[in-house]
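Going in written order, the chains are labelled A, B and C, and every chain counts its residues from 1.
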C-alpha cells in the first residue's frame, strides 16, 4: 500500500526543491565512458546517467568483473537512499560486447546474503543462466563466481539477480547487456541510448527502499534517477537515434515521445525484420521487456516520459481529504498561528505546490522531493519521476552528448497569448 | 487507495438504480453533430456520447476555439460530479480536420489555475507542443493563447493539458483530434467511432474526483460515461466499422469485443501498413496510446468492454469481510430491527445485489451508482463501468446512429434450457 | 487492498513448507488425458495440471457437458480453498474440437446463483454468446442450458461466465477451448501446452477467495496452481513447442522464458500470418487475451514465469516496517522469551526466510504458503506463484510428458566459484 499520502496533510505538502537546469555533462564524462578498446568498431551505447564496464582481454576472452554491493544512491538532489547495485552504482554499469565474442563475467558478492546473476534474453548453456538453486549454487557472501559463454546473437539485454529476486530488484540490482552486431547495423545508427525503468518504495522521510511494496511506489525512475536529474537525450537534427528501454519495475510503463512518430524496431527477443517495425508515439515497455525505438531527430526540446500521469511526479500525498474546490481560508489563519509562513493550497489545483515550494513554504518530511518540480525556459515544468527531454539541435558535433541548454525556438513558432479577456471570442458550447 | 469498500457493509451495498434501455439518440443529435462544412469530403467521426467542435475558416486557416473550464458532469443518472473539461463537456469536443490543413486553435482558460494543451501525436513545431514551462509559458487564468500549425499527417490523436497534468487529467480534461487523410481512406470505412478511456476517484458520497488516487479508482469510463449510459456502437450488417480508442487513465485497459475477430490497424503513431494489421478480440490500449480497430459488422447485440472484470462494474465495497459462503441469517433478523426492509446478501454470490437494488433494498451512499446494473431483453446484465454494446442490424440506413433497440435473434439461435434437474445427464468429472 | 502484510510481523513470517521435487506424472495421467477418439487426427493439447473434457458424438454433433459447481481446490500442498469451477476442477476441463465441427455444450448450474458461459473469441450466433440478460436468460440454479454452434475457425479460446462475472471469475470459473485446424498445422507442432493466468485474494488464514479485491492479490497462478505445484513444460531437444497462455486475472502479465527467443504466433483473434510472428523473450498476456508462443526446444532446465517479481512469490507481508538494514538483535532475545525457537529475519535480505521456514521456525498463519519456496538440484529456488520450468532433454519419447527430473548439465557449463576472498580481483568502480 502506498504511503505517498502520509506526509501530505493540511500542514505540509511537498518538500525540498531540486536544483534544475542543464546538467554539466563534462564533469561526469570521464569515469562513465571508458576509452573504447581500439579494436572495438561499434558505436558505444550511451547509458543515461550511467557508464559502461571496461573489460580485459585474457587469451581471447573478454573478462568483465561485476561486484554486487550496498551503496549510497542519489535519485535527485534532496533524495538519497541506501541501495544495492554493482560496482558502486544503480543501475550497474552497462556491459557491451560483440556478437561472436567469448565473454567471462566474474561476479563478486559483497552483500550479506547470497545472490546470482541471470543474463536476461541471452542464449547460453543452462548452467550459465543464473537461477539460483535451479541452474547453479547461490553465490554466497564474499564469494566470486565466473560465468562464461559465447555470444550467439546481438541486441538489447539485461542482467539482474535470480536469488531473493523481489528484494534484490526492489533495492536496485540491475543493469543492461548490449551485444553489438558482428557485421554492423543494417540501418546505421548515429546515437544509441539505453536506460532501465524502475520503481522504488522510498517512503517519505526514510532512507531504504521497502521491498514489500507490490503496487504503490513513491519514486519512478529512468536509470534510478528522477526528473530533473535525468540526463537529456541529445542529438543533431536528422540523426538516426535509437533508445533501448528496459523495465525491471512492477508496472508496464507506456513511454511517450513528443515530436516524432518513432519506430519500434526490436526487443529482448532481438532486432525485428524491418517489415515488422511499427510506428508509435507511445509504447508499453512491459516488466521484463526491452523495447528498442528509433527515430530521425527533429529540432526542438521534446518531452519524453511515461504517460501514466502519477509516474511523472514524485511522492504525492495520498489518503488525505481531497482539497479541490474547498475554501480553506479559515483554516489557513488557524494553522499560521502554529506554523508561521504556512499557506493553504489545493483549492484551485496543485500547480501552486511547485510555486510555494520554491518560495520555501511547506517544508515536507526530510529526504523527500517536491511532488512536482523542474524549471524550463518558460517557467515551472511541474513534473518529476519518469520524465526527461530529447534535445535536438542543428549544430551538434557527432558524439557530443553535452546538454545544449534550452531550445531557441524560431520567432512565431511558440504558442502565445492573444487575449486576457476571459469572455474573448464566441466559443461553441455543448447544448 | 480505494474507498470502494467503504460503503459496502452489512447494512448497505449498492445504490440508486440506473434507468436503462435504448437511448433516444434523436434528442441528442442536433448539438453534438454540427452540420459538416460543405467543403468537407470526409466521413465525420462519431464520438460516443460526445460531439465535434465546429470551426471557422479565416484566410485559409481552420480556426477552432477551446475553453478550459469547470462543469457539472453526469456519469450516468444517479452519479454526477464537478469536473473540468472543455466547452461544457468532458471529454471536450472532438477536433476534426484534414491532412494538409492549416489549423489555429484558440485556448481560453476559465479555470482558476494555469493550463496548456499538448497535441498528442501530432507533428508540429517544438513551441506549439504544449508542455508548460518547456515549450511555452503557461496559459494563465482568463488568458487566451493561440496554437497554429499545419497538419502533416493523418490518423487518431488526442489533446490534453501538460500543466499540473495529474490533477487536470484526473478531473476530466481531454479530447480527441482526428485528422482525415487528404486522399481518402485506402480501405473505405462506413462508420468511424471514437472514445477515450478514463478512471475517476469519485469516492462514494462525494461530488469531486480526487486527484491524489494513483491505482484504485471508483469509476471506469468510455468518454466519461459508465454503462448503461454509454451509447451503443451501431452499424449495418456488412459495414466496415472503425473504432478509435484512446486512453488517458492510469491503467492499460484490454478492450474486448464479442462476435468478431477485429483488426488492429493503427495507433497514435499513424495508420499501419496493411501487412501489419493484426487479428485480435482483445487489445491492450495503453495509457497515452490510441488503438484503431476495424471489423466487418455481424448481426446481433455484442458486448464490447474492458476485460478487467472490476472495470465493468461501478464502485464496489472493499475492505469489508468476504461474505461468500457465510450464513448471515441470524444477523439478518438483528439488523431488520433497526433497518426494516434490510436483506442480507452475498452468501451465494453478488448477482442478487442488482435484484435487491432494483427492489429498493439497501440504499447506498448518495451520488453512488449500483455496483452492477443494466437490463437487457433477457433480464439483468449485471455490468457497469467500461461496458457497452455493438448493435448490428441488417436494415439500418447509412448514417443512422440511433439505438435500434434489442436484437431479435432468429428462432433456435438462443441458448435455452433443456432441464431443471440438477442431476441431469452424466457429466464427466476429474477423478 | 492487500492483506499480504498482515501476517508478516516481527513474530512470524512465512509458513508451511511445500513438498517439492519432480512430480510423478504417471499417477495423474489417466484421468486427465482421456483416450482420444480414434477419429481425432489432431495432436491433443496438454493442459498444465489440467485435463480435457471427453465428448459424445450424437447425430454428427460433438456433445460436451460442463457442470458449474463449488469445489475444494489445492493451490499447492499447504494452501487450499473453497472455489468454484467446472466438473470438479478449476480451471474447468479444456474443450478440444476441430474447425468445421458442430458442437453442443450442455451447461448444468449446481451453484446457488445463476450463471452463463461466454465462449471467448469464438464466432457464433449472437444468442449463443453467453452474456446473461443481453444474449440469453440466466441459467438458474439446478438448470441445464444447451449451447450449439458450428466452429468456423481454429485457434486458442476461452470459456468463462458472463453473469456476476467479477465474483464468478474471482473464485475460479474459467477454462480453455482449443479448436484444431481442419487441414492440420501449416508448421507442425510437436508439443502443445495451454494454461490460464489468474490471481486470488486468498487472505492468509482464510479458505475462500475474496471477490472484492481489485488490485492487490495474494496468490498468482498458472492453471490455479502455484510453484512448485505447477507441472513443468517437458519437451525433447529440437521439438517445436507451442504454449497457449490465456489471462483471466486482473493484471496484464509479462511472461518470460529463459533459454530461447520464442515467436509470438497468434492470439484469441486467430493464428497470425508467419510474416507477423514476433521474436520475444517476454510477452505481455493482457487480461482477456491469449498469446500463443512457439520455440525450438534447447536442452536444459529453463525458468518460465511472470516477470513481475512479486508474482513469483506467494503471500508476502505488507504494512510492517521495512527490516532491511535493521539490527534486530535485542528484539530477538525478548521475543524468544515468548516464542522459543524464534529467529529475527530480514536484516540482510529475505532469502533467509526460506531457510528458516524449512528449519521449522516462524510458523505462519494456517493455510498459508511460504513467501518463497522450491528446491532445485543446487538448493533453494526462492520462488512461488507464477513460476515453473521448461525441461528439455535429448532422449524423451514423443508424447512422454513425465517430469524427467533435474538437468544433468555437461561438465564445465555451470557457473562456479573461483574465489572466496571478497577483495578478489580489481573490479572497476564508478568514480
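Rule of thumb we're sticking to: contacts are C-beta pairs under 8 Å (C-beta built on N, C-alpha and C of every residue); 3 or more make two chains touch, one makes a residue touch a chain.
Quick caveat, the model's predicted, so the values are computed rather than measured.
K.L.:
For the protein chains shown, what form does their contact graph take: line, ring, star, complete or other?
P.N.:
Looks like everything touches everything, fully connected.
K.L.:
How would you label the chain A and chain C contact, same or different, if same means the shared numbers make up over half of all numbers there?
P.N.:
Chain A and chain C contact each other through largely non-matching residue numbers.
K.L.:
How far is the middle of chain A from the middle of chain C, if each middle is the mean of its Cα atoms, in Å?
P.N.:
32
K.L.:
Chain A: which residues touch two or more other chains?
P.N.:
Residues 1, 215, 252, 275-276, 284.
K.L.:
Which residues of chain C touch chain B once you look at their complex with the stated criterion?
P.N.:
Residue list for chain C touching chain B: 1, 30-32, 34, 51, 53-54, 65-67, 82, 87-89, 93, 106, 108-114, 116, 118, 120-121, 123, 125-147, 153, 162-171, 201, 203, 206, 208-215, 250, 252, 267-270, 272, 275-276, 284, 286-289.
K.L.:
Contact residues on chain C for chain A in the complex?
P.N.:
It is residues 1-2, 4-5, 8, 215-216, 252, 254, 256, 258-262, 275-276, 278-284, 298-303, 307-310, 312-313, 316-320, 322, 324-325, 347-352, 372, 374-383, 389, 407, 409-410, 413-422, 424-431 of chain C that touch chain A.
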